[in-house]
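Below are structures written as structure tokens.
Both complexes below contain chain A, partnered by chain B and then by chain C.
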Partner chain A sequence: MLALQILIDGFAISALYALGAVGFTLLFGVSGVLNLSHGAIVVVAALIGWAAASILGTYLGNLVGVLAALAAAYATYFAVVRPIQRSPAIPREETEIFVLTGTLLWSIMIQVGAAWWFTDNPVTIRPLIAGVVNIVGVRTPANEVMIAVLCWVVIGLLWLLVNRTRAGRALLAAAINPRGLVLLGFELDSIYLLVWTIYGVLAGIAGVLLASFLGVGTNNIGQLTASAFSIVVMGGLGSVSGSLVAAFVVGYLETLTAYLVAPTLRPVPALLLLVLVVYVRPQGLLGRR
Partner chain B sequence: MSKPHLLRPALFAGAACLALAGVAQAQEPIRIGVIGEESAVAGASITKAAQMAADDINAKGGIAGRKVEVITYDNHSSAADGVRAFQRAVSQDHVVGVIATYISEVALAIEPWSARLHMPFITTGAASNEISKQVHKDYDHFKYTFHGWLTSAFIAQSICDAQHDLLVTGLHMKTAVIMSEDAAWTTPLDERYMDCLPKAGLQVLDHIRFNPDTTDFTPIFRQIEAKNPDVIVTGISHVGVQPTVQWRDQQVPIPMVGQSSQATTSTFWKDTNGAANGVVTASAATPGVALTETTIPFTEAYQKRFGDSPSYTGYTTYDAVHYLAEAVGRAGSNDPDKVVAEMEKTNYLGTVGRIQFYGKDDPFTHALKYGPGLVTGVTFQWQDGKQVTLWPADKANGKLQFPPFVKTQHAAN
Partner chain C sequence: MARILRSPLGWILLLLLAAAALPWWVSAYILGVLTVSYYFGVFAMAWDLLFGFAGEVNFGPTFLIGLGAYTAGILDNTMHWPILVCAASGALVATLGGLLLAVPALRLRGPYFGLVTLVAVLLLQNAIVIFAGVTGGEIGMNVADVLSIDAATNYWIGLGFMAVCGALLFGLSRSAIGLILQASGQDAIEAAALGFNVTKHKIAAFCVSALFSGLAGAMLVFYEGTASVDTVIDLAIVVQIIIAAVLGGRRTILGPAIGAILLVVGGEALRPLGQLNTFVVSAIALAVILFFPDGLLGHVLRRGERE
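Up next, the complex of A and B:
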């Protein structure tokens, strides 16, 4: 009974982690950007989605939330990341450090601004499906089941997009050899824009789903960035499948700890594992560099 | 005849000095520093209510001819920022007293500064017993601190008294699990719960303290359900939305009562999308219930001005500005020792009841006196978007009513 409970709860939270981390890792794989404002963009989706839902209803509210995350992702790219990448004053080898710092500061700005506007209290979006279902004796919110399914549907769509469309294959190529792609006549700018678009939508969906599952607020921004970051490092930077595996490892490890040890210690074992992975296998579980 | 003759110029000079001093004081406002938590639900009412109190006092001509001026600061829920704001209020803005914070950790950080700088300080939302215990232990040093809200011990007592009437007598409940966030104010709260719940007729089956950073409460609810208690007794203030929404979404069949500070303001209903339905909490007062003649006018004016109903800190801060300003008026000067002496004589009928402070010899020196005829707090339940008062019985305007997923009948068996 307890085992089944852990299996169900762990699956839902892992699926949500996976969705959050996939965009993050894709962004790094394709454009080399480690976006430390990830948590802030996720929370923007939740807050705007919540505010919009009270006026427009739950479905439209969720949509507005996702669009808000997309807008926040574009703002991050155009106002923070691209100026740093293009600045002649910043030496090429230091660009990544500047992007890290820039996105971190951007995240703090969003956090303080959003806390001032919305308060730092967590918000929750009304579940798309109310009620509970009984899965072999475990009372599970129907919304939780739907979230797990939806996460996998979105990840499946992403797989189709990357592997079955021309634009998607260009993304993959950019991850492997951007210079070659330019020689073939592709505009790197439009590829970067595409990956930021995909990233914004994924972060937005993760944000509104998180708001309807557990509730989320500006105080969670740091934790959200940190968990996406550790999942991606554990899975191997830039490796989408590695991130999926790592998301489930972290999700289940946390759930096991919360149920069997103490809810307070929830994030600890996963962080210890991360240290171990970095020490023993620095390229991550499925990393390629 | 010669005596008055000699005295007359002296008297005249003295009277002139007094009159001049009077004129100077009439011009100088009573400046009160108010430090709130603008980004937190429970703490955001502090500065708003203080401003309202100052406006109301000034509309009636001020206190002893002096206007009341409120200077507000935000501590961003941080003790360091709280102390900095306090120092600034004293050294830069020259206030006569400071009203601050719903967070015990912040109040406990400010308290030694109130002692060092000899600055009267009232916390209107923090609850830790340590605040007033400190004053008792070293009165001469710490006497500048006052506790303008019930201590954790009295909050727990109020909850035990209320739940005895509502759950034990009313619904024949017998068992409870305590679920509190790990914070300074809940340590004494839980201590008193462990003592007074059994006396009220609720056996404590388990005692869970969780990290305020917790986002997923599923494992905690499962752990509680495994014990099969009749009721969950909460002690939550930093968290509120997440456990409440997850309780509803997961349809945890056990009622939640106790202290849920965020639930004391009307924004909580919106923040939880109505998941608060059925939640029972203690508070200072509730909209629409006249604890005293000022409760309803204040609540309505606040709601009109700010859109939402005040959290418990709104009521207590509104009162605190009044009794602090009156104490300064009675003292006839800004001298902190005189103000403290007058504060100790406070007997003010505020929005939450009659306000008096325990004396030097009581273990809770300078804490609000608890009891019938003074301040007891109220217990209310969220029902369809409204705060329905259940306790004390003479103030009640409704009956307990839980959402369908909550089971209360098995307690009667």
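Up next, the complex of A and C:
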């Protein structure tokens, strides 16, 4: 009984982690940007979705939330990341640390700004579908099932986009060899714009779903960024399938700890495992060197 | 007099003298703010040695600071040793912790190294909550002794501490070791090809950084009389240290101290804005990064070179 409960809850939380981390890893793989304002963008979607839902209803509200995350992702790219990448005063080998610092500062600005504009209490968006379903004797909210399914549908759509469309293949190529792609006549700028668009939408969906599942607030921003970062590193930076595997490992490990040991220790085993993975296999579970 | 004004060292000494004279001019409240900012200055300088010179992004300065702070605090509460012995032990434990972290972590590059140091902070934070019996957990821990109850004395101790640490770290950065570190940070392969043991130098830099961080953390605890996760370990502190170093000018050692003082004092001056003061401070720091990536001191120095 407890085992089933863990299995179901762990699946839902893992699917959400996976959705959050996939955009993050894609962004790194394609454009080499580690976006430390990830958590802030996710929370922007949740907060604006929550505020819009009270006026426009749940469905439209969620949509507005996703659009808000897209806008926040564009703002991050155009106001912070691109100026740093193009600045002549920043040496090339130091771009990475400047992007890290810049996005971190941006994240704090969003966090404080959102807390001031809206609230720093966690917000919860009304579930998209009500009711409870009975899965082999475990009463599960229908919303939780829908979230897990929706996450996988979105990830599936992403897979189709990347592997089956021309634009998606250009993304893959940019992850492998950007210079070759430029020589073939592709505009790198438009590819970066595409990957930020995908990233914004993914982060937005993760944000509104998280808000309807657990509820999030501006105080979770750091934790959200940290968990996406750890999942992505554990799976291998830039490897989408690695992130999926790592998301499930972390999700289940946390759920197991919370149910069987103590809820307060929830993040500890996952962190220890992360350290172990990084020492033994620095490229991550499925990463390339 | 004119000669003093022409050399940078003369300027620094004059500034220090002016700072030392402040207790006769300003209130105890301002002194308190400045004292904290001096300890932050040491945190930022120690971080700059690793980042600016060794080229390693350490997201875990508060792992080292926290180790020093809590070791000193716990020893003071349980063993009742004198403050100096406790602070020295704290620095020693921080150095050992830094060594334990650095030896395996330096095998990793760039973001991976950053992540391991970040995880070290999160684990320390959890450990402190788990062992709440000794550490006070999330509430924090009061220590039995404080440096002094007089604001002016505390201020002078803080100022002197920052001055001594700054002189030592600056001297180190200008020595042959500092040059080798800078070389290994910029091009590790070439530095190794020239016959320098890059790893050994980086580990040494990490230990030195840990030593100063731990000592400063311990001193801060004995100044404030408490140690808590929020004041010495939280990721917000990490962010502040990084911002201070980049704001003041990386690779200058003294710049980060200036950045830290500006950051703490600026945050305090903007307090009437309420919640938004962090917003304004972050926005200013972001603008500095975007438009003057060399930081304040780096910008001034570079203009001086050009003229």
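The rule is simple: the second predicted complex is superposed on the first by the 289 of 289 C-alpha atoms of A that agree within 3 Å, B and C clash if a C-alpha of one lies under 4 Å from a C-alpha of the other, contacts with A are read in each partner's own complex, and residues count from 1 in each chain.
Keep this in mind: contacts are C-beta pairs under 8 Å (C-beta built on N, C-alpha and C of every residue); 3 or more make two chains touch, one makes a residue touch a chain.
All values reported here derive from a predicted model rather than from experimental measurement.
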> When the two structures are laid over each other on chain A, do chain B and chain C clash or fit?
Replying inline: fit
>> According to the stated criteria, A:167 is in contact with first (chain B), second (chain C), both, or neither; which is it?
In response: neither
>> With both complexes superposed on chain A, which partner does A:116 reach: first (chain B), second (chain C), both or neither?
In response: both
> Counting only touches as set out at the top, which of chain B and chain C does A:279 meet: first, second, both, neither?
Replying inline: second
>> According to the stated criteria, A:139 is in contact with first (chain B), second (chain C), both, or neither; which is it?
In response: first
> Which holds for A:237: it touches chain B only (first), chain C only (second), both, or neither?
Replying inline: second
>> With both complexes overlaid on chain A, does A:264 touch chain B (first), chain C (second), both or neither?
In response: both
>> One more residue to check, A:226. First (chain B), second (chain C), both or neither?
In response: second
>> With both complexes overlaid on chain A, does A:80 touch chain B (first), chain C (second), both or neither?
In response: second
> Taking the superposition as given, does A:126 touch the first partner, chain B, the second, chain C, both, or neither?
Replying inline: first
> For the overlay built on chain A, what is the smallest gap between any CA atom of chain B and any CA atom of chain C, in Å?
Replying inline: 5
> Do chain B and chain C touch any of the same residues on chain A, and if so, which?
Replying inline: 115-116, 264
> Contact residues on chain A for chain C in the complex?
Replying inline: 34, 80, 83-84, 87, 89-90, 93, 96-98, 100-102, 104-106, 108-109, 112-113, 115-116, 222, 226, 229-230, 233, 237, 264-265, 267-268, 271-272, 274-275, 278-279, 282
> Which positions of chain B touch chain A when the two form their complex?
Replying inline: 38-41, 44, 77, 182, 210-211, 213-220, 222, 240-242, 245-246, 249-251, 262, 267, 270-273, 275
> What residues on chain A touch chain B, complex-wise?
Replying inline: 5, 9, 13, 54, 115-116, 119-127, 131-132, 139, 141, 143-144, 214-220, 223, 255, 258-259, 263-264, 266
> Which of the residues in chain C come into contact with chain A in the complex?
Replying inline: 51, 57, 104, 107-112, 114-116, 118-119, 122-123, 126, 129-130, 186, 235, 239, 242-243, 246, 274-276, 278-279, 282-283, 285-286, 289-290, 292-294
